[in-house]
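A, B, C and D label the chains in the order they appear, each numbered from 1.
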Amino acid sequence: MSGNSFGLLYCVTSFGESHGPAYGGVVDGCPPGLVLSAADLQAELDRRKPGSSRHVTQRRESDAVEILSGVFEGRTTGTPIGFLIRNEDARSKDYAAVADKFRPGHADYTYLQKYGVRDARGGGRASARETVVRVAAGAIAKKWLKEKYGTRVRGYLAELGSVKIPFESWDEVERNPFFAASREVGKLEAAMDALRSSGDSCGARVNVVASGVPVGWGEPVYGRLDSDIAAAMMGINAVKGVEIGAGFASIGQKGSEHGDEMTPQGFLSNNNGGVLGGISTGQDLTVSIALKPTSSIRLARRTIDRQGRAASIETTGRHDPCVGIRATPIAEAMLACVLIDHALRHRAQCGDVAPPVPIGRKP
Amino acid sequence: MSGNSFGLLYCVTSFGESHGPAYGGVVDGCPPGLVLSAADLQAELDRRKPGSSRHVTQRRESDAVEILSGVFEGRTTGTPIGFLIRNEDARSKDYAAVADKFRPGHADYTYLQKYGVRDARGGGRASARETVVRVAAGAIAKKWLKEKYGTRVRGYLAELGSVKIPFESWDEVERNPFFAASREVGKLEAAMDALRSSGDSCGARVNVVASGVPVGWGEPVYGRLDSDIAAAMMGINAVKGVEIGAGFASIGQKGSEHGDEMTPQGFLSNNNGGVLGGISTGQDLTVSIALKPTSSIRLARRTIDRQGRAASIETTGRHDPCVGIRATPIAEAMLACVLIDHALRHRAQCGDVAPPVPIGRKP
Amino acid sequence: MSGNSFGLLYCVTSFGESHGPAYGGVVDGCPPGLVLSAADLQAELDRRKPGSSRHVTQRRESDAVEILSGVFEGRTTGTPIGFLIRNEDARSKDYAAVADKFRPGHADYTYLQKYGVRDARGGGRASARETVVRVAAGAIAKKWLKEKYGTRVRGYLAELGSVKIPFESWDEVERNPFFAASREVGKLEAAMDALRSSGDSCGARVNVVASGVPVGWGEPVYGRLDSDIAAAMMGINAVKGVEIGAGFASIGQKGSEHGDEMTPQGFLSNNNGGVLGGISTGQDLTVSIALKPTSSIRLARRTIDRQGRAASIETTGRHDPCVGIRATPIAEAMLACVLIDHALRHRAQCGDVAPPVPIGRKP
Amino acid sequence: MSGNSFGLLYCVTSFGESHGPAYGGVVDGCPPGLVLSAADLQAELDRRKPGSSRHVTQRRESDAVEILSGVFEGRTTGTPIGFLIRNEDARSKDYAAVADKFRPGHADYTYLQKYGVRDARGGGRASARETVVRVAAGAIAKKWLKEKYGTRVRGYLAELGSVKIPFESWDEVERNPFFAASREVGKLEAAMDALRSSGDSCGARVNVVASGVPVGWGEPVYGRLDSDIAAAMMGINAVKGVEIGAGFASIGQKGSEHGDEMTPQGFLSNNNGGVLGGISTGQDLTVSIALKPTSSIRLARRTIDRQGRAASIETTGRHDPCVGIRATPIAEAMLACVLIDHALRHRAQCGDVAPPVPIGRKP
């Protein structure tokens, strides 16, 4: 298995470049019998679509997805689900300036050094546009998880640069143009406007939560659920940090504070974030990720060219000043893909096991 | 590939329980011709060995490793390297009290619910003692990386509970009983003594750095170097957070601050932590992890028993009050295993590519 | 890795059904820098194309392939190569008769029993039309192998039902409408005509040979070269047997006859078929496969329907009376994919090893 | 996953050399709750043990197996099962003669050329003694399959060199010193005696049958059941050919003869060998393999030495004159391992599917 597939049993394979003909993916291992149509994938793709507000890239893409296989008479057949998303608005001329120089903080440099060649148009394979594949694959995973186990995977923007956004309600997320779980909009728009006029970019924090995860998913000691979640999250473009449960705050906690006590009604807290020993506890799975600021900015920066000579670079083109905004559906998708994979892996090995300990689900 | 193997080409498989006959592992895919003996593994195992100071578990284990295959006349042959570490000091009676109840924050509960059975002695498979396998596998990886590429993988304790420990020098790490890169000992001992007398435990932060990593390792978009590092780190017992480079601090950074500028002499900063687009940049790889406090503590805690009834638990037995202390060699080992795997993967696909851009190595 | 991908480093993923919108595939792990265009794939696809003679299915498909990613300015970039082949002549009505009954010898029954649903149109996922993906992936492998190592992968039809076809010359294969390495055509046409008028079908033997394979490819003891070849060949539709080298004739051989003697000029014979201990010897790799007769025949046969009731079935529609004829390019493709995968795997682990023993290449 | 592991969910990893300290293996992914002890493994190991009759190698090995993990209070726990078999009778001096020369038909040459080094003692990693690991892993698989599904995996020697041995009864196999399903002994002993006195060796055919396999196992199109069986069988030392069902006889069959007709009571024949479209049919799985003659023979043969110079070689030492005799339990083990792997894979993806078509099991 080379680098563009992930998942052992729910296996997602991705291809495509920013300015090539299309992105596409293959989901292999989906259980048969799931009611599925392109509309299920489209709904999630529309959530991450560019151009949805003035705070994200103005590239115009319908991101219309076509299912090419694996679905017959409205149901999955158990065979691989191939899907395709054509690129439409690929203005290669915008990128002529960056073809010969490397954007600080961007993968331009490493791709060229690794492969000896690179498709510089729009970041090529390194473009965050690749995440359409993840979102489409995640949409299928989400649907199956919800129908089979009642599992829901939801995320929200928790920090926009230095602005911390309190969680108010899940209901706000789909209404809020920033995926914030808050009625707050003005302060965020002001922050974005200031950013755009300065020609700079900022980072973000996104939180993702899966509720309704049964106890027992995850394969210690290396195929742990938390380990696979960490890989999935750190593999999203621009992510530089991943926390589960109390995360880095665990360092300053005492054991008597961190260790979640149990009662017949369930756990009394959730510092573990829904996973102990690499196995889900039945509590909410809580994950938090840090996204770095967009590396394509208007401000001039020092760099080098392909010959290794000193140069300066300013990136115009159409870029999200904060890639973290559109990261919410992507992070949800990745978590959903990890969960379905482990649901299937657990059923394979432990399909005969009924969890012996009766316990409630609290909180 | 089930849950107890990791690595695509340098593949580590682990087995063993805390109070079973032995731990062991298989390293498959090691290049042939490497000079190797049990002493190379032993040196690293001794670094993480219990009983080395009064601040870690007093379980007495020689952790003597035996190489069973894959080495002939002092050199690796390219065939799998099997190794074995017998358990010696397995006092099962210490654990009778925990066999029927679940320690808050421990994997006791999830293992039982997942598998329907569990070896409760000493935490069974969930014991941190399993990390001997990782350390042994990492020792081989470290040696090859150093000989072939001059790559060095080193770590240190950066925070002990609420005590932040400034980095002074790599030279201090091996002298310091806490793996701190500092001459500081007294303050750390005082913190540990207070912790022990209170019957509680604390968390820790460990930083790991790989220097001398060539540009080009890592396979975007899912087999990224940072993605695999995140999985390896989050897969270490007690880890709840992983950062690469600026990590969570990236959230508050501007793009003009975060994006590492380049000159013909090299990068001017290292916020990316040595990886861009999932591929190594040639800079130092910098990773930081958060470890939660030990879940086995003397203080009484609310829990349930196997029948789901309310209960109270106090853990006596021999436990590290801060598992983070001995995590340094483990984290180094995991990073080394990821690096050799990607070194081999890169050579496989891009063995013909000479990185085209000439650039220095600064900083 | 689920069931529709194969190869560890040169990883091929396939999707598509006979009467769905399209077939497609993803080749991940191809080395960068290879000169490649759709024409390279098309040339091989045209060799297996239906309708090329009156002895194969008359389904009209242009099998035009579109490369969607992984190639930039005429060279592979090291990123995944996605490709698509639209279905054109999908006359679903032809298959109404078989939707509710199971053809003896066909996968109709097993797909339905496994998945609970099936796309019965044209055999759905079980159609041999899926091999377009293999042939396309193999075309890339063939090209790289030839340029990098001078390796050539060629096959021919050795038996058509009970007609044995002597090997005359490789030059004849591309001229012969049956992929026979012979000037013989009339006898084969007569056999096919008799078969067609009888409404029956027949089996075939195809031999495949790879020349110019370096010594050292293959990973014992489970990732052996012969083991992977056997899997690849048995995985082709209708294949029921695989031999390497002397194959089943080895049973009756003495060790003094079978064991290929060596001289400074090379091996004196090739009973091993180019592989010893799972590792290539540097000789020609010789593989032979048995293909069963097509299961879709005009003659009436006893079967059951979806309710398990006794029924009778006659298959009209457009089917190859001997699937073995078009299997030659498919078998070549599978062998090429296995070889490039092992070429990369060998380079990964043993990239530093120069084979120490000087030896010629004879025969 | 490197070359010494196989199986996706029931994953077997092997290590060890003929004259090293030990062989060992790790079985990862075994379902929890299976009653298991070393005696279960030992029973199968004793079947393939050397020295059991005068017709096999006289190397004296008790092949005593120790289980090191994964079993607690007599049941599997779902964690990896590590096991160890110490080498006892490793007389390295016997092999001094072959250390510098290559046995025709043996892996001596390819191992050295691949890895640059080799452990020549007793064939090192290439020794058929490695199959102890397969047999031990297969014993666990067999037990689970039988308890869970009533599946039985049995094999027998069908041809010894040119002697064809008719199948009489499964009951004879365990009584017959050659694993023949026949009361015949004298003719086989005579053949072996003649062989031994001539200093030569011969090939063999072994048939393996799995009965009680449910319909639906196997993952088309690359993870097919027959594909994985072919890999497993061709991966056994000395195997040069694999057939499923009618195998090579399919070539000469007509479709009307080969395609197994169905009735409400079941299939009327079994040319497919229990697999259609890569998925089990519910019939007996029938596999046949060809084993080449032992390459270590007393007769002098032409070869070369490590410097590539012409030489002559005669192998004394203790070798099976027909490796096929002891291959029966090995082939059974490999088939069992493939079957349990696919049982788990099927349960993962299709755990909700009840095969919709009612059908008997005939024959």
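Observations on the model:
Please note the rule applied: a residue touches a chain if its C-beta (ideal position, glycine included) is under 8 Å from a C-beta of that chain, and two chains touch if they have at least 3 such contacts.
Small disclaimer: the values here were computed from a predicted structure and weren't measured.
The minimum number of touch steps linking chain A to chain D comes to 1. The interface with the greater count of contacting C-beta pairs, when C-D is set against B-D, is C-D. Among the remaining chains, A is positioned farthest from chain D, on the basis of C-alpha centroids. Work out the mean CA point of chain B and of chain C, and you get 45 Å between them.
With centres defined as mean CA coordinates, chain D is found 26 Å away from chain C.
A separation of 38 Å divides the Cα centre of chain B from that of chain D.
In chain C, the residues touching two or more other chains are 1-5, 8-9, 14, 29, 32-33, 78-79, 114-116, 125, 220, 345, 349-350, 352-353.
Residues of chain C that touch chain B in their complex: 8-9, 29-33, 78-79, 148, 220, 344-345, 347-353. Residue ranges on chain A touching chain C, taken from their complex, read 1-5, 7-11, 13-17, 20-24, 26, 28-29, 32-33, 66, 68-70, 72-73, 75, 77-82, 84, 114-119, 124-125.
By the touch criterion stated above, chain D contacts chain C in their complex at residues 1-6, 8, 12, 14, 102-107, 109-116, 125-126, 130, 159, 161-162, 200-205, 215-224, 226-235, 237, 239-264, 268, 271-273, 275-282, 290-295, 297, 299, 301-304, 306-310, 324, 345-346, 349-350, 353-359.
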